[in-house]
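Each of the next two complexes has subunit A plus one more chain, namely subunit B in the first and subunit C in the second.
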Partner chain A sequence: MDPFILSFAVVNGLLQGGIYGGIALGLSLIFGVLRVVNFAHGSFLMLSLYLSFWCWNLLGIDPYLSAIVTVPAMFALGYFVQSVIISPLIRRERALVVEPLSALLLTCGVFLVLDNVALMAFGPDVRSVQLSYYLPSLMLGPIPVNIPRLIAALAAILVAVGVSFWLRHSHAGRAIRATAQNRDAAAMSGIDVPKVYAVTFGLGCAILGLFGALISPFIPATPTIGLAFGIKSFIVVVLGGMGSIPGSIIGGLVIGVFEAVASQFVTATSAAIFSLGLFILVLLVRPAGIMGKA
Partner chain B sequence: MTVSTIPLDRTAPVGFSKGPALALIVLLLAAGLPLVTQDSFFIHSAIMVLFFAYMATAWNFLCGYVGQLSLGHAMFSGMGGYVSVLLFTTFGLSPWLGMIVGGLAAAALSVVIGYPTFRLKGPYFTLTTIAFAEIVRIWVENTDTFLGFHIKGAEGLVVPMVGESFAAFQFGGKIPYYYIILGMLALAILATLIMERSKLGYCLKAIRGDRDAAEALGISPTRYTLTAFAISAFMTALGGSFYAQFFRYINPERNMGTELSIDMALMSIIGGQGTAFGPLIGALILTPLAEVTRGYLGGTFLGLHLVIYGIVLMLAVLYFPKGVLEPLKNLAVGLFRRRNPA
Partner chain C sequence: MSNHRLQRTTANKSNLLTGALTFGALTFYASFAFAQAAPTVTIGCVLPLSGGSASVGSQTKVGAEIAVDQINREGGIKSMGGAKLNVVFGDSQSKADIGVTETERLVTRENVAALCGAFNSAVTFPATEVAERYKTPWVVVGAVKDEITERNFKYVFRINNKANYDAREQVDAIDLLSKETGKKPKTLGVIYEGTDWGRSHAANIKKFASERGYSVVLDEAAPPNQVDFSNQLLKVRSTKPEALIVAFYTPDHLILSRQLMEQRLDVPFGIHSVGGGTEDPAFYKAVPPRAVGYYFVQEDFQIDITEVTKDPMILEADKRSKEVLGYPMSAYTAQGLSGVYVIKDALERAGSADRTKLRDALAATDIKSGPALATGYQQIKFDEQGQNTHAHGAISQNIEGKRRTVWPAENRAPGVKPSWPVPTWSERPNS
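Coming up: the complex of A and B.
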């Protein structure tokens, strides 16, 4: 194997992996706090891609600036989905009818609705944003680095650090962590648990809003793109450890590099098969993931 | 050991005497349907209702009774379809035999997959089934030739016309297909009813109730869940073969895509998983919606039926966690009692 091609693959894999990790952050956060596997995760990303596209197409807003629109919009949507659709189920589960799969099914319903509403509204066409300026590739030695991807990957790390810091040091963050540890004890200490849940879900979706804007320069919006990213996020989160913020980034980097290097030996689609295989292997051997508590 | 030590589900055997009679009447009515109308669209829709009822019943055979959610069953459907079509196009083997071969292959695959994965609980099991199904689908989509068989990747396979022939599973009109899928559905429901009252059924319910307690009683969860998984995969593969022969076309997206897996699961969940007739009720409620939007609204509202599926699924999870069969039954019993005060 040519060392140049290999290092090129590793650099690209790291960028791609950082983006995977950033997209998976919300899934991990929501699972960590609510214990809900959000099947609609990719659909929220798909919606933010569309939102970013329409901001650019109709209003002429630069895709990077469109984050000002997508982040609050996705926060509001997440807040709404949690407080209107998922919270009745959590209230019922408290009354001893514990059925962890119900939440998965419920979000599966959200996935069906969102994806197909997008299909009805926008049709199956592929829509991509064109940046009005040219971003030259950064040269890392002999290796060219794509700037939009670098921005998204760096943003993933910044967001992960920011969210971890916020969870650790802010009052709201402490409330979220307390609720994740023991929701009944948190409720008895005066924490408004339903609100914490809604804010967490909103935050998870707001992160997707940000990444929808950041990846729109190089990922075109289609109504069905959500599921692929959703499944990728499941892989990343399981690998890194469900509920772990740093685990999400590390899992993303591992998958990104793994796929990039594997696709030097086999086709890119077969590399996707390998990462699914890795996912199954991790679930069977170490379900807690790399950073999770075993 | 005796199975009688396991507490029986009190809701299940109610109407044990009336049930079969009622089912027989419904079956006869369904068999008489083509005598009433021969409208092609109507018969086609009826075939789709029965097909999805059959697929949901096959899914329910495992998932409804063990209480695990598989969102990967479409891989068995695809396997059955591909094996029967390939055996037909390559060796001229009758699809009737080909679907059995496909079914056995799917059953073998289910054991290989099920053995390590059934230890996983709840969402973890679900995610694994999705991953396995995606592996199979991506592989088929990107493979042109495998062991000398022309799979043709994402393009799919067309079943060549050989003229009307029972052995080739090709008929002039749609009505023979209607009777075939009706028969398959009746057999699948019968198999579920037999399983419910057999040792396998009681053991599965015990495992669903409390896996550790069941194991302590000497029930091997692996053995019973794998048996049910193999039967469920076998039935699903037969359904996949039927689908391929009926449309004379098969491709990875339609025959082994996630959408099909979700359809199978949500129909039995909405109807009532863990009941013999729940999946049929679910398919009766949902499939006509899909057929009507497809038939009358055409391409203008692509995906509308899935939006409705999603909303119905959410409502069912929130308000009818056991499916609509039980509330419907209670309603019927209530109406009956009111009219004939005892």
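Coming up: the complex of A and C.
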């Protein structure tokens, strides 16, 4: 294989993988703490894309600046969904470990409602932000690197580092980790568990709010866009290790690079199948994922 | 009834004015009851109203609704005593199984006289089978998969092109432009969405390409709802096709077109899109104009129809489309409009909503004028397989921000000069 094409594929894979990883961060965080598989993850991303689009379309806010709006708005939405919709389920099953299946079904309902409400409210049209300025591609030797994608991929790594640091060193972060380790023991130590849950869910959604703003310059907003990213996020998170922040980024990069290189030999469709094969292989060797703790 | 009687008694006891009002109300109820008794003919349309193709499905729906409004306003089906037309919709969600269920529902529950739809070939193919089984005529709108009108079905009629016409027209246009300029591409690439439509189009392109001496150096399918095309575009870069044939629906086409621009990927003889996304007005709102510069677009619709037609119904439909959708009549709106007018024409001649009689009338269709030709055809006449043999598309090139028809040569407006080969990215201003 031509080394130029191969290195080009690796660059593409790293960019795309970084974006997958960044988007999957919230899913991994929420699962790690709440043990809730958030099926509506993609729908929250879809909402942030729309939010960023409307900020640009109605208020003329640059998509990158719209993060000032999307991040707090998505945090509030996540906080609300957890404390109003999911929390009663957790309270009801307090004595047991939350049955992941019932939470999955619940968030699946949230996903259906959000996607269809978006379809009703915004219609099926494809909408897209158009930057008023032109960002020329950065030339990495002969390889053009698209700046908006590079920004999103780098942001994924920064956010992952930032969140890990915050979880490790802040008081709230310690409370979240304590709750993740043992909910009842954390409650007995005086941690307000329902609040920790709501904040974690809000944080997971806030990260999506950031990525909605960061990818809106190159990903169009449609009511169904969430599903494509949602499914990729699941693969990334399970591969990287459920609940692991660095695992999410590493899982994303592995999938991104693997698909980019493999699709130079077979059709991109088959490459996606092979990446699922890789996924099964990794789980056979490391059932908890690359970075997961068994 | 007792309520009315009570009202009337009260009215008699009070004053004349109230009496007159009550009488008015009673006659109103009476005429309302009469209107209910007048015959209505219900037709059903299965369309993708949610899911990936929802944008085009809803445009077709608007077209069909405009046609129904116009027909009812002009006195309904005259041979059936002015029967009103009523259209009900089924949402296929672009999924074959749901399309089939919706078809069954429209036939058995809504008791429709005829069906139309369903845009996606993958839905239309099995759904028309259901219609054939129930002996309910189906007027195909939008779907181009060849085999839809190659199964000896009696109840399936298609107004628009077969996929094979689309592919032939694209290769014809490349031939024509090569002949005009003496510059001919030797290699073609095909990149397409991996369901029925894209696959059958790619197969046809490969067939025509080998017949006419082009070699196909890239053949790449992608499943719907991609979020990134950089892998596929890298393959374009490494195989270097001189012209690229593209078949994608709106969301995928949008990402593909943007990334082609971002990566400054030069294809000397241009991008040849076979409609799908590039037929959708929403697409042009969402893409930077420079990303679609010099695009060739094949569609079953003459993009400048409203400038050449004098039909008041077509012009009105264009106006209504702007009011409802915010953009002029598109290929999809026109196809919805045309489909309903073809059914109306058959109802007039059948003089009945009986499905078998309607089927025979549809088979005898021969339309040479009127709003049924909104898509730009000269005639609608079905062969024994139900295919309109007079269907043809038009190919436009996006020259200086305007989509101008370049093929067939006789449809090309004076002064339109196709750009062939197309300028490279570095030769284009503002990019």
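The rule is short, and it goes like this: the second predicted complex is superposed on the first by the 280 of 294 C-alpha atoms of A that agree within 3 Å, B and C clash if a C-alpha of one lies under 4 Å from a C-alpha of the other, contacts with A are read in each partner's own complex, and residues count from 1 in each chain.
Here is the rule we use: a residue touches a chain if its C-beta (ideal position, glycine included) is under 8 Å from a C-beta of that chain, and two chains touch if they have at least 3 such contacts.
Every value quoted in this text rests on a predicted model; they were computed, and no experiment measured them.
After superposition onto subunit A, the modelled positions of subunit B and subunit C overlap sterically.
Once the two complexes are overlaid on the shared chain, A:L284 sits against subunit B while remaining clear of subunit C. Of the two partner chains placed around the shared chain by superposition, subunit C is the only one that A:D125 touches, whereas subunit B remains out of contact. Shared-chain residue A:V161: touches no atom of subunit B or subunit C. Legend: residue contacts after superposition of the two complexes on their common chain; A:P144 is shown touching subunit C, with no touch to subunit B. Contacts of A:L276 after superposition: subunit B is touched, whereas subunit C is not reached.
Looking at the shared chain after the overlay, A:V266 reaches neither subunit B nor subunit C. By the touch criterion defined above, A:L227 lies against subunit B and subunit C together after alignment on the C-alpha atoms of chain A.
Once the two complexes are overlaid on the shared chain, A:N116 sits against subunit B and subunit C alike. Only one of the subunit B stretches 22-30, 40-48 or 310-318 carries C-alpha atoms that clash with subunit C in the superposed arrangement, namely 40-48. Applying the stated touch rule to the two superposed structures, the overlap between the subunit B and subunit C interfaces on subunit A comprises residues 116, 119, 123-124, 223, 227, 267, 269, 272.
Subunit A meets subunit C in the complex at residues 2, 5, 8-9, 12-13, 15-16, 116, 119, 123-128, 130, 134, 137, 144, 146, 218-220, 222-225, 227-229, 232, 259-260, 263-264, 267-269, 271-272.
Per the touch definition, subunit C reaches subunit A in the complex via residues 49-52, 54-55, 57-58, 194, 220-223, 225-228, 230-232, 234-235, 237-238, 250-251, 254-255, 258-259, 262-264, 280, 282-283, 285-288, 430-431.
Contacts from subunit A toward subunit B in the complex involve residues 37, 85, 88-89, 92, 97, 99-102, 104-106, 108-113, 115-117, 119-120, 123-124, 223, 227, 231, 234-235, 238, 267, 269-270, 272-273, 276-277, 279-280, 283-284, 287.
Looking at the complex, you find that subunit B touches subunit A at residues 69, 71, 116-117, 119-120, 122-124, 126-128, 130-132, 134-135, 138-139, 141-142, 258, 262, 266, 269, 301-304, 306-307, 309-314, 317-318, 321.
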